[in-house]
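Labels for the chains are A, B, C and D, by order of writing; each one numbers its residues from 1.
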Amino acid sequence: LLQDTGSWPASFHIGRRATLAEINALDIDIRPDGKGLPPGQGNALSGQTIYTAKCAACHGTGTAAMNVQLPGPALMNDSAGANRKKLRTIGNYWPYATTIFDYIRRSMPYNAPGTLTPDEVYSITAYLLYANRIIDQQTMMNAASLPAVEMPAKKLFIADDRQGGPEIR
Amino acid sequence: LFKSSYGRMIQTAIPESLYTDDPTKVVGPPPGAVGARSPFEHPVKKASDTSSRTPLQDLYGTITPADLHYERHHAGVPVIDPHKYELLIHGMVDKPMVFTLADLKRFPSVSRTCFLECSGNFRSNKETLTPQEICGLTSQSEWTGVMLTTLFREVGVQPRASWFLAEGGDAAVMTRSVPVRKAWDDAMIVYAQNGEAIRPEQGYPARLLLPGWEGNTNVKWLRRLELSDQPFMTREETSRYTYPVKDRIRQFSFEMDARSIITFPAFPQQVEKGWIEIRGIAWSGWGKIAQVEVSTNAGKTWQPARLQEPVLDKAHTAFRYLWQWNGETTEILSRATDETGYTQPTIQQLLNARGADMGGYHLNPVTAWVIQRDGKVLFRPEKWK
Amino acid sequence: LFKSSYGRMIQTAIPESLYTDDPTKVVGPPPGAVGARSPFEHPVKKASDTSSRTPLQDLYGTITPADLHYERHHAGVPVIDPHKYELLIHGMVDKPMVFTLADLKRFPSVSRTCFLECSGNFRSNKETLTPQEICGLTSQSEWTGVMLTTLFREVGVQPRASWFLAEGGDAAVMTRSVPVRKAWDDAMIVYAQNGEAIRPEQGYPARLLLPGWEGNTNVKWLRRLELSDQPFMTREETSRYTYPVKDRIRQFSFEMDARSIITFPAFPQQVEKGWIEIRGIAWSGWGKIAQVEVSTNAGKTWQPARLQEPVLDKAHTAFRYLWQWNGETTEILSRATDETGYTQPTIQQLLNARGADMGGYHLNPVTAWVIQRDGKVLFRPEKWK
Amino acid sequence: LLQDTGSWPASFHIGRRATLAEINALDIDIRPDGKGLPPGQGNALSGQTIYTAKCAACHGTGTAAMNVQLPGPALMNDSAGANRKKLRTIGNYWPYATTIFDYIRRSMPYNAPGTLTPDEVYSITAYLLYANRIIDQQTMMNAASLPAVEMPAKKLFIADDRQGGPEIR
C-alpha cells in the first residue's frame, strides 16, 4: 500500500506556507498543560449567571436525572468522584479541567457554537468545577489556575493495553 | 398506438403508470444522465438524532453504497464549499503549510477499501432487532486520497512529534488526538469514496482515514492537523470514547477488535426447511480476517465458512456457509478470527476481561440468531446489566 | 438566535440558504435515511439516444457509482416487478426449470468485481474529447449473484449442449448466443451491484454477467436461457457486434482486448508546470493487467506505472505515474499489457492486422494527450477512414 | 472464484419444473436451421403493404442514405452483396434469413414490439428479401422455404480467431 518514495523529490512544491495569522485564527485547542489558553478570567459567581442564561435550558441545573429528557447530558454530580456508575459527569469522569474550556469554547452552546468570549468560557468552566465540588465559588480561573486544577477522575484513566493476539481484553 | 415512452420519460422518476404486465411490449425510458434505484427497492438507513445505521440485512457483497453509509455526527453535516476548503498543518513541523483541495488532489494518490465502524456499535435489548439495529454503525467504501506521510514529508514533521490533533470544520469543531505512528503506518487524507467525491455525511470534501481505528478518530471535514509531543485530551477522548474496565477507565482504544455478524438469515426473515446459505460479514481493525466459523447448533460445534476473495486488510469480508436446516428449533452463530490470532469473544468473555461495569464502547460479542420451528428468525439478546 | 437548522432540514435537499462563510458556526442537518451528493458535485453521464457514458475523468479509484454506470439499451429500460420476475432455463437440459428472484438469491452466492465494456467503445473525431467521450462505455462494479454452473447443475445441462441463448425481458427481447464453456469458466447471474440490488439500467432484477466479454452479451433483465448444440445467429451477433477484418466479417468476438486510458491530465484539464501524477485505468477481458507503461515524450520511451493493489482478474486497474513537466509541449500516452502477454496496440497496428475497412467494434488503440505550452490538454485524434 | 462443490447435494431443491405451456409462451427464437419457425406464410406482395403501413415511417423505402435522418437504419440495397462499405443491409451483410424473422417478430415495430402475426412477419421478411434482390416477388416464405434461402453475405463470416497472447489481430 505505501508508496515507494525512493524516486520522489524532496518537495512536490504543492501547497503554500501558512502565515502566523492564519494559524492563530484556527489554533483554538487547549492542552492539559494549559498551552493554548487565552488571556482572561472568571469565577463561578459570574459563571452561574451565564450558565443559567445560555446553558441550563439544555443541560438543566440539577445533578440527578430528571423526569424530562433534556437535549444535552447532565454536567454535575453532588459530590466529586461519586456515583460514577449512575451518572458520568465532569466531577467523576473528566480527567482534565482544560478539556472543559476547550470543548465549551469550540462546541457550545450547541445552537450557537463559537460565540462565547474567553471571560465567559473561564466563568462557565469555573462554575461547572464549582458545581461539581472541585473548586470553590470565588476561585478565579485563568491561564495559570485552570491547568493546575486536580480532577478527581484523573487517577482512574489508563492507556489501552489491547495489542492484538489471542487474549481477550 | 403510442404505448412507447421513448424519448419522453426521464429515468430518475419512472411513474407507476409505466408499470406493465409485459415489459417486452413497452419501450422504456432511454439512457439518462444519472441513474436511480428500482421503484421496488427502498433500502434506508435507520436514523436517530445522532446517528444513522446501514441496512446490513439488505446488502450484498462488501461495498456499502455511499448514500447508505452509516452516519455519526456531533453537530450535523456542514455544507463546505470545496473552492474555499483549506487544510492547515502546523505545530511541531519545519514548515507550517496550507493545502487547498486541489493541492491535496495533486499529490501522489492511493486507493484502498476498508471498513469504518463506530466504537459504540452494539445494541442488544430485545429479540426483534435487525442486523442494522444490532450493528449497523459499520460500512465499507473504496477510499482514494493522499497518504498522510506524503503530507508529513512535505511539512517536515519533527522527530519529537509523537501525537497530532485532527480537527473538523463542522459546528462541533470535532477534535481527536492521534499517535504519529498511525501516519507512518497507513493513515490517509481521503477526498473520494466509491469512485466519486466523498459524500457530505462522510466528510466532504476531505476527511482523515485511519484504517481499522474507531470511527470517531477518522475526523470528517478535516480543517487542521497540529503536531505535538503529547495528546490534547479533548472531550471525545476523555468524556466519550473511553470505557470502564474493572476499576479503571480505558483510554485511547483505537483498533476495532475482530467481529462478525450473520446478516442472512436474520430477523425479520422467515426461512424454509432445506438448504440455506448462511451469509454475513466479518472484519478486524488489526488486519485481515483469517477465518470465520459458523455454528448451527447453538455453539456446540463450529465449521469454517467460505471467505470471499480478495480478503483485504481491515476490510469487511463476506463469508458464506451452506447448511441444510431440518426444521428443528436451533441457534446459528458466527465468530471471526483475525490474522493476529484474536477470536471474537462471547459477551461472557468480555465481562470476564472487563468487569460487570464494562460500558458500551468496543463491544464485539458473538451474536446468535434463534431459528424457530416456523422458520422465523429472532435475535438472542445478551443481558449483562 | 436560531441559526441552527438542527432537526428541521432534510439532508437530501440542502438549500442554498444554508451555505455559510463559516460552517463551524451553524449546526447542519442531522443523520438521515438516504444520503446525497454534495451540492457542489455534479458528475453526470453523457447520454445519446442509445447509450450514456461514464464520466471517467470525474472518478477516482476503480468502483463506478451505480448511478453513473454506462448504459446501452436497445429499447429503453423496462420496469420489472421483482415479485413477478422469473427465469426459465430449458432446451438441452434434463429438467427445464423456472426460478423466481427469491430462488436465485437462495442458491450459493459469489461476489466479484469486474468491468463491463461495450465493444463499440471508441470515439476519435476531434481534439476536444474527454475520456468520457472517447471511451466512457466502460464501468466497474462489485457484482453478487449465483454462478451459472450452479444453475446448470440444477437443470442438468446435457453433454452435447455447446451454446445457450440468453434472452432479455425488455422491449427489444434482446438475445445473444453464448458458448457453454463460458458458463463452466466464470459466468454468473447477478442480482446485486455495489452492495445493493442491481439498478434498472443494469438489468434489474437480474442479468447475465460474462466477465471480460463484450457488454452486449451480458444480457440484462434476463428472462430465459435455452441450451442448444449450435448458435442461434441472432441479429445482435450477425448484423451488429461483428466487424470487417480484411475481406471477411469477424463474428463471435467475445473477449475485450487489453486497454488503458489516461484520465488525468486529460481534456478539458489545464495543468501547471511541475510534478503531476498521471492517472488512469487499464483493463483486459483476458485476465489480469500485468503492466501499464506510460510515455511522456510522445511514445519515444516508456516507463512502468504503479498499479493499485489488489489487481483483479478482468477488472479496471488504477495506474499512476509520477512526472515532472518542464512546461514544453509534449504528448503523454499509456499502454496496458495483460497476463497473456498482449500489449495494447496503436491504431496503425490494428489497421495492419484488420485492414483499412476495419469497422468500429473492438477498437482499443493507445490514445495520446497533447500537453500544450499553456498547460491545456487536448486529445490527439486518430484518422484512418 | 469457483466454489468447491464437493460437499454439495445433487440438488438444492430450489426452483420448480417448467411446464410445456410456459416454455412455449417464451420460446420465440428461430435457429438458422428453421427450428422455432411457426406455421404461416407470406410473400413480398403482401409484405410490401404491411411494410409501408408499419415500417416505412422509420426505415424509409429507399436504398441509399437520404437527406433526412430516419429513426431506424436502412434495410435495403440495390443489388445483393454490393456496396457493403457504404451501407450495411440485409442484402450485403446478413448471413441468415431466419434472423430477419426472429428479430422482426421480437423487436419490431420499435414502438409496438410483439404485435405482428406470423403471417405478417413471413410477409415482411419476404418483402425485405425481395427488396434486397435475394428472392422474387411471388416466392412464399414459410417454415420450409425461409431457412433454405441462401444469403449473399454468409460466405464472408468467420469465427473470431483472437486468442490472447502477444499477437495483434
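Note that a residue touches a chain if its C-beta (ideal position, glycine included) is under 8 Å from a C-beta of that chain, and two chains touch if they have at least 3 such contacts.
Computed from a predicted structure; not experimentally measured.
Peer 1: Go through A-C and A-B and name the pair with more C-beta contacts between its chains.
Peer 2: A-B
Peer 1: How many angstrom lie between the CA centroids of chain A and chain D, rounded to a whole number?
Peer 2: The separation of the two C-alpha centroids amounts to 76 Å.
Peer 1: CA centre of chain A versus CA centre of chain C: separation in Å?
Peer 2: 50
Peer 1: Starting from the mean Cα coordinates of chain B and chain C, work out the distance between those two points in Å.
Peer 2: 26
Peer 1: Could you check chain B for residues that touch two or more other chains and list them?
Peer 2: Within chain B, the residues that touch at least two other chains are 6, 24-25, 27, 75, 106-108, 110, 171, 173, 275, 322.
Peer 1: Can you list the residues of chain D that touch 2 or more other chains?
Peer 2: In chain D, 1, 3, 8, 12, 14, 106, 110, 113-114 touch at least two other chains.
Peer 1: Looking only at which chains touch which, which shape fits best: line, ring, star, complete or other?
Peer 2: other
Peer 1: Mind listing each pair of touching chains for me?
Peer 2: Taking the chains two at a time, the touching pairs are A-B, A-C, B-C, B-D, C-D.
Peer 1: Can you tell me which positions in chain B touch chain D when the two form their complex?
Peer 2: Of all residues in chain B, those touching chain D are 1-4, 6, 22, 24-25, 27, 274-275, 306, 309, 322, 324.
Peer 1: Mind pulling up the chain D residues that touch chain B in the complex?
Peer 2: Per the stated touch rule, the residues are 1, 3-4, 7-9, 12-14, 106, 110-115.
Peer 1: Under the definition above, what is the set of chain C residues touching chain B in their complex?
Peer 2: My answer: residues 5-7, 9, 11, 14, 18-20, 23-41, 43-52, 58-69, 71-73, 75-83, 106-111, 142-144, 169-171, 173, 191-192, 194-197, 199-202, 204-205, 221, 275-277, 279, 308, 310, 312, 318, 320, 322.
Peer 1: Please output the residues of chain C touching chain D within their complex, sorted ascending.
Peer 2: Going through chain C, the ones touching chain D are 74-75, 88-90, 95-100, 103, 106-108, 110, 112, 147, 149-150, 153-154, 165, 167, 171-173, 175, 186, 223-224, 226, 228, 230, 232-235, 238-239, 242, 244-245, 247-255, 257, 286-287, 313, 338, 340-343, 345, 349-350, 352-354, 357.
Peer 1: Would you pull the chain D residues touching chain C in the complex into a rising list?
Peer 2: Spelled out, the residues of chain D in touch with chain C are 1-3, 5, 8, 11-12, 14-18, 22-23, 26-33, 84-85, 88, 90, 93-96, 98-99, 102-103, 106-107, 110, 113-114, 153, 156-162, 164-169.
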